[in-house]
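Alright, structures below, take your time with them.
Shared between the two complexes below is chain A, which has chain B as its partner in the first and chain C in the second.
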Partner chain A sequence: MGALKSKILVLALLPIPAFFFSLLIGRYEIPPVTVFQIFISKIFNPMMHSPWPQAYEIVVWEIRLPRILLALLVGAALSVSGTSLQGLFRNPLVSPYILGLSWGASFGVALSLLVPVPFSAQVMAFLFGLLAVFLAYSIAKVRGETPVVSLVLAGVIVSAFFTALQYIAKFFLEPHELQGLVYWMMGGLYLANWEDVSVTFAPIIIGIILLSLMSWRLNVLSMGDYEAKMLGLNTEVNKIVIISLATVIAAVSVSVVGTIGWVGLIVPHLIRMAIGPDHRKLIPLSATVGATFLLIADDLARSLTSYELPVGILTTLSGVPFFVYLLKKTKGRSWG
Partner chain B sequence: MRLGRRGETKTAVTITSILIAVLVIAIAVYLLIPQQQATYKLALSASFDKPYYRVGEQATLSVEITNLNNTDVTQNLLVQLNGETVYREDVLIPASSTKAVTVSFEADRPANVTISIGGETYKLKLNVVKCVVDFRGKEVEIPYEVKRAVVLAEYQIVYALGAWDSVVGVSRYAYSNPIMLALKDINITTVPSPGTPWSLNLEELVALNPQVVLTYGFSVKTNRTVEQIENLGIPCVVVSLSKLDDLYRLIRLYGKIFNKEDRAEELIILINQTLDLVKERTANLTDEERPKVIHTWSKPLKVTGGLGVTNTLIELAGGKNPAALEFPDEKYPTVSIEKIIEWEPDAIIIWGAAKYSVEDILNNSQWQSIPAVQNGSVYKYPRTSTWAPEIAILALRFAKWIHPELFSDINIQEYADQLFMQVYGIPSPFEWEP
Partner chain C sequence: MITAKEVKFSYEKELVLKGVDIEVVKGEVATLLGPNGSGKTTLLKCLCALLKPLTGCVYVNGRDVSKMKRGELAKLMGHVPQDHKPPFPYTVIDVVVMGRAPYIGAFSIPSRKDYALAEKALEIVGIGHLKERVYTQISGGEMQLVLIARALAQQPQVLLLDEPTAHLDFKNKILVLKTVRSLAKREGLAVVMSLHDPNLASMFSDKVYLISNGVIIDRGEPSKVITRDNLERVYGISVEVIDQNGMKFVVPVLDDLT
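== the complex of A and B ==
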């Protein structure tokens, strides 16, 4: 038990060292001491006349910090969303995108590039992501109930539908716009600014807190619909609430940074293997570990080469071998 | 006596020498000792009414001279820009007061300003920025002399202008540009790249410390990149190319940015020489003499419509584009094979970077009824840029394919080698005469 506690403590505190490490690295060389000086003086004394070059301040405060915060937020959101849906669906292959969110969102972006719409690409991504999930849920609903199998199937149907729509949009897009859509689908945090952080902060943090509060219900739901009902839980209401929260935090992330794959699939799985199936621990820990995972992946994306590597591809490439290793090691035991 | 006389002479010489030496020393001392300070005392200060001016703007310099004496002083005020006098006037400064003098002149380039009066001098800098209008129509202020530019769009033009010294970063796509790779005096892959207009490492961009970024705009993603760069306080010149005139506009714009206006006009003359040759021979063709030509893009069914430079090239080269009649307001409409069969094009020209070959079209059973396929008039040009001076060679190539009889005397390879030598200092890296 002591070992488990210390494991939990380490996982919970991971983002803190990762945060400071990330603040130090980047393509623009700044002495580590200066980075901390800028960081501290900006927080405690923003009006101070800075003795360092203005470029230092721009790099630390306008480029690195918002990007780090956004990576933490999005990483946490995607993992918590994945954890909740995996628990709800009782299936380790579930990701935040299972109900068609990513395809709906990318169609929204394609549409905004193709025809003049009153919203920005980000708002379109958010709205169409939600629309896709809503459609999937409505399709899956049979006689007032939504069995897990129908939900998965409905997700497949909706994804296929929006994929087709998106290809139509792609077909008519200008090459320059098309290139933009391709980069958007690969996902990336390279344009992160304070506005993105302020837009995503509240919904993601509130969503994660609410899901944490629902975690004991998730424990019950993950035993199966029948058992949950036997225990007196209104399964439909709880399902709707959990799916909505998980979808909103993932949709907010996707709308700002594009579809970053695998974070929401591998991190929940990893935590479950490490500390067992109790969602009261799973949800907060997948937030901290997911945040750290995406942050480190993004550090690599922005500092390995002089140009940007797509972070979505890095998360996938680093996730796959690790996943294979864990699967072999535990022989798939974490799902009983 | 004789001895004594001799002794007297010697004494006289010695005395004279000493006297001369004393005189020389006295003169030297007189010259070396600083002149006694003027009896009056002045204090001088000056400032411009703006921190910097745009080229051609009227700069106003306010000079304040304070007379610290009890008597009026009249002295000559001199203002010089890089040693060149722009103002010279006697000024009367009443006793124990300050006199303000305003001097105006046209700010045409940055300069060191020296103001002097009565032995006092004051130095300051005249800061001048250039203002260029980019393809957004936005007036962008850039330093008079751009020494650090990051070029994410149309980098080969910067090289052709002879301004490569000022480039500190390029688009990652430059690493695979055949012309940039062929250049002798630079190794393009060693030039740092912060990415592309679609995916940019902002921190690397800031690390390159550019004075200006030249990039694409006019798409949602690239516009957002531009917005981010400008938010960091780096001026952005945005370009977008869709018709032949845009190339001239681009060359002149880049020429202005890098102070290579003369070379820009030279490049335009080089382009026009070859284009004029094409125009001269095709201008008087009647409608019947103009064969139907289509241009196909990444897929054989994606054709050039009425917009874009390839349609202009077909028309210049003495052809007519049936797709332009059908889709006058589109750049790259995708059509069905039946449409192409209906058009009966006499020649088909394939985009240089397309992934399919002339043989793929010639051997495709669906295309067999098309006159171009029957005559073997299907062509593919080298993977060259349409947005550079070599577009003139492309026009010549189109023309010789469409009207071989009119251009039989012309060896395109020779023209290409000559143009490339004049523009890039290398022979054409492409084969133009298969």
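== the complex of A and C ==
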């Protein structure tokens, strides 16, 4: 028990050292002590006359900090979304994108580049992401019920549909617009600013809190529709609420940073392997570990080479071998 | 305690249940006996309101189950599923405490009291020692007992079991059915279960409903229902019925076996 408790504590506190470590990293060299001085003075004494160059302050406060916060928020959102949906669907291959979210969102972006729309690309990504999931849910619904298999299949259908639409859009896009779309789809945090943080903060935090509160119910739902009904749950209502929350937090993330893959697939597995299947622990720890995972990946993306690497590629490249190792080591036991 | 009146049901055009009546009272173990496809499982699903009968009603304590919310029904009726595939390796106690779900709000978690009740349920079925074990790593018989404990944690008045002995070995069949029977007597539950084996039905039931093609052919005490005529009619094979201290045992007649 003691070992498990200390493991949980470590995982819960992981984002804190990662946060301070990430503040120090960057191509623009600033002495670590100065970084912390800027950070502290900005928080406790914003009016203070700063003895360090103005540029330092901009780098730390306007570039690094919002990017770090956005990485934490998005990493937490994608992981919690993945954990919730994997539990609900009882399926290890489920990610936040399973119901067509990513393809809907990228079509939304393509459309915003192609035709004049009254919304920004971000809003279009969000709206079309939600639209895709809503379509998948509607397709899967038969006689008031949405069996999990139908949902997953409907997700495949909707993804295929939006992929096709997106190819049509791509066909008509100018080369430089096409490039923009490709970068967006690879996902990245390089444009992060305080506005992104303020837009994503409330929905992601509220979504994660609500899903954490429903975590025990998720345990019951993970026994399957049939048993959950016999245990007194209205499975359809519960399903709609959990899918909606998981979709909204993922869609908010995708709309701001693009489709960063694998975070929502790997992190839930990692935690399940480390501390077991109880969603009461899984959901909050998915948030902290997912946040840390994406933050570290983004640190690497912006510091590894002289170019900025798309963080989505790094999350995939770093996630895959680690995942294979864990799968071999635990022999897939975290799935019964 | 639980009553079904004139229950008819069809999945497609053909009626699977053709007007079934049953009545099971407190402390009674009733067994639905019949061949594959006779309608046992469909009837159980109608009893727990998973399927809605075309006509006819199911009442628990005089209340129509089709008009009750899931949460209300789950407080009156526990259900032990047959084909149960647990996706996650929860601990035994965590599985059993799920039986408290009808009493726990959407945004809440089980309290100490809920855990105490879950532990008590494990003690009642005699597997208190398995509490901390991983549910997916225990034996089939133990799993069945865990599911029974989970149903008990619902504090129901009616217990439904769908072929509780389906995948169990000889010893575990007896163990599970003994447990079910003693629960009915000690906890005053009305038990309805489906079984394939007439001998097990004979040993552990107070009442047998013999079902064939969606119709109840015969009902009553096992010794009255499990007769040569009845079984030959329902299963279409020749059998002999042996009387052992007033309990009927069925042996198939294998005249073509050389």
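Just so it is clear, the second predicted complex is superposed on the first by the 336 of 336 C-alpha atoms of A that agree within 3 Å, B and C clash if a C-alpha of one lies under 4 Å from a C-alpha of the other, contacts with A are read in each partner's own complex, and residues count from 1 in each chain.
Basically, contacts are C-beta pairs under 8 Å (C-beta built on N, C-alpha and C of every residue); 3 or more make two chains touch, one makes a residue touch a chain.
Keep in mind that this is a model prediction, so the values were computed, not measured.
Of the two partner chains, neither chain B nor chain C is touched by A:144. Contacts of A:118 after superposition: neither chain B nor chain C is touched.
Contact with chain B, but none with chain C, is seen for A:176 once the two complexes are overlaid on the shared chain.
When both complexes are overlaid on chain A, the residue A:62 reaches chain B alone and has no touch with chain C.
When the shared chain is aligned, no partner comes close enough to touch A:321: not chain B, not chain C.
Overlap of the chain B and chain C contact sets on chain A: empty, with no shared residue.
Residue ranges of chain B in contact with chain A, taken from their complex: 172, 192-196, 198-204, 206-207, 209, 216, 218-222, 224-225, 228, 231-233, 331-332, 334. Looking at the complex, you find that chain C touches chain A at residues 48, 50, 69-75, 78-79, 81, 84-91, 94, 98-99, 101-102, 104, 106-110, 136, 150, 154. Every residue of chain A that touches chain C in the complex is listed here, in rising order: 87, 90, 210, 213-217, 219-220, 222-224, 226-234, 238, 272, 276-278, 280, 333-336. Within the complex formed with chain B, the chain A residues making contact are 26-29, 55, 58-59, 62-64, 112-113, 121, 171, 174-177, 179-181, 183-184, 188, 190-191, 193, 302, 305-308, 310.
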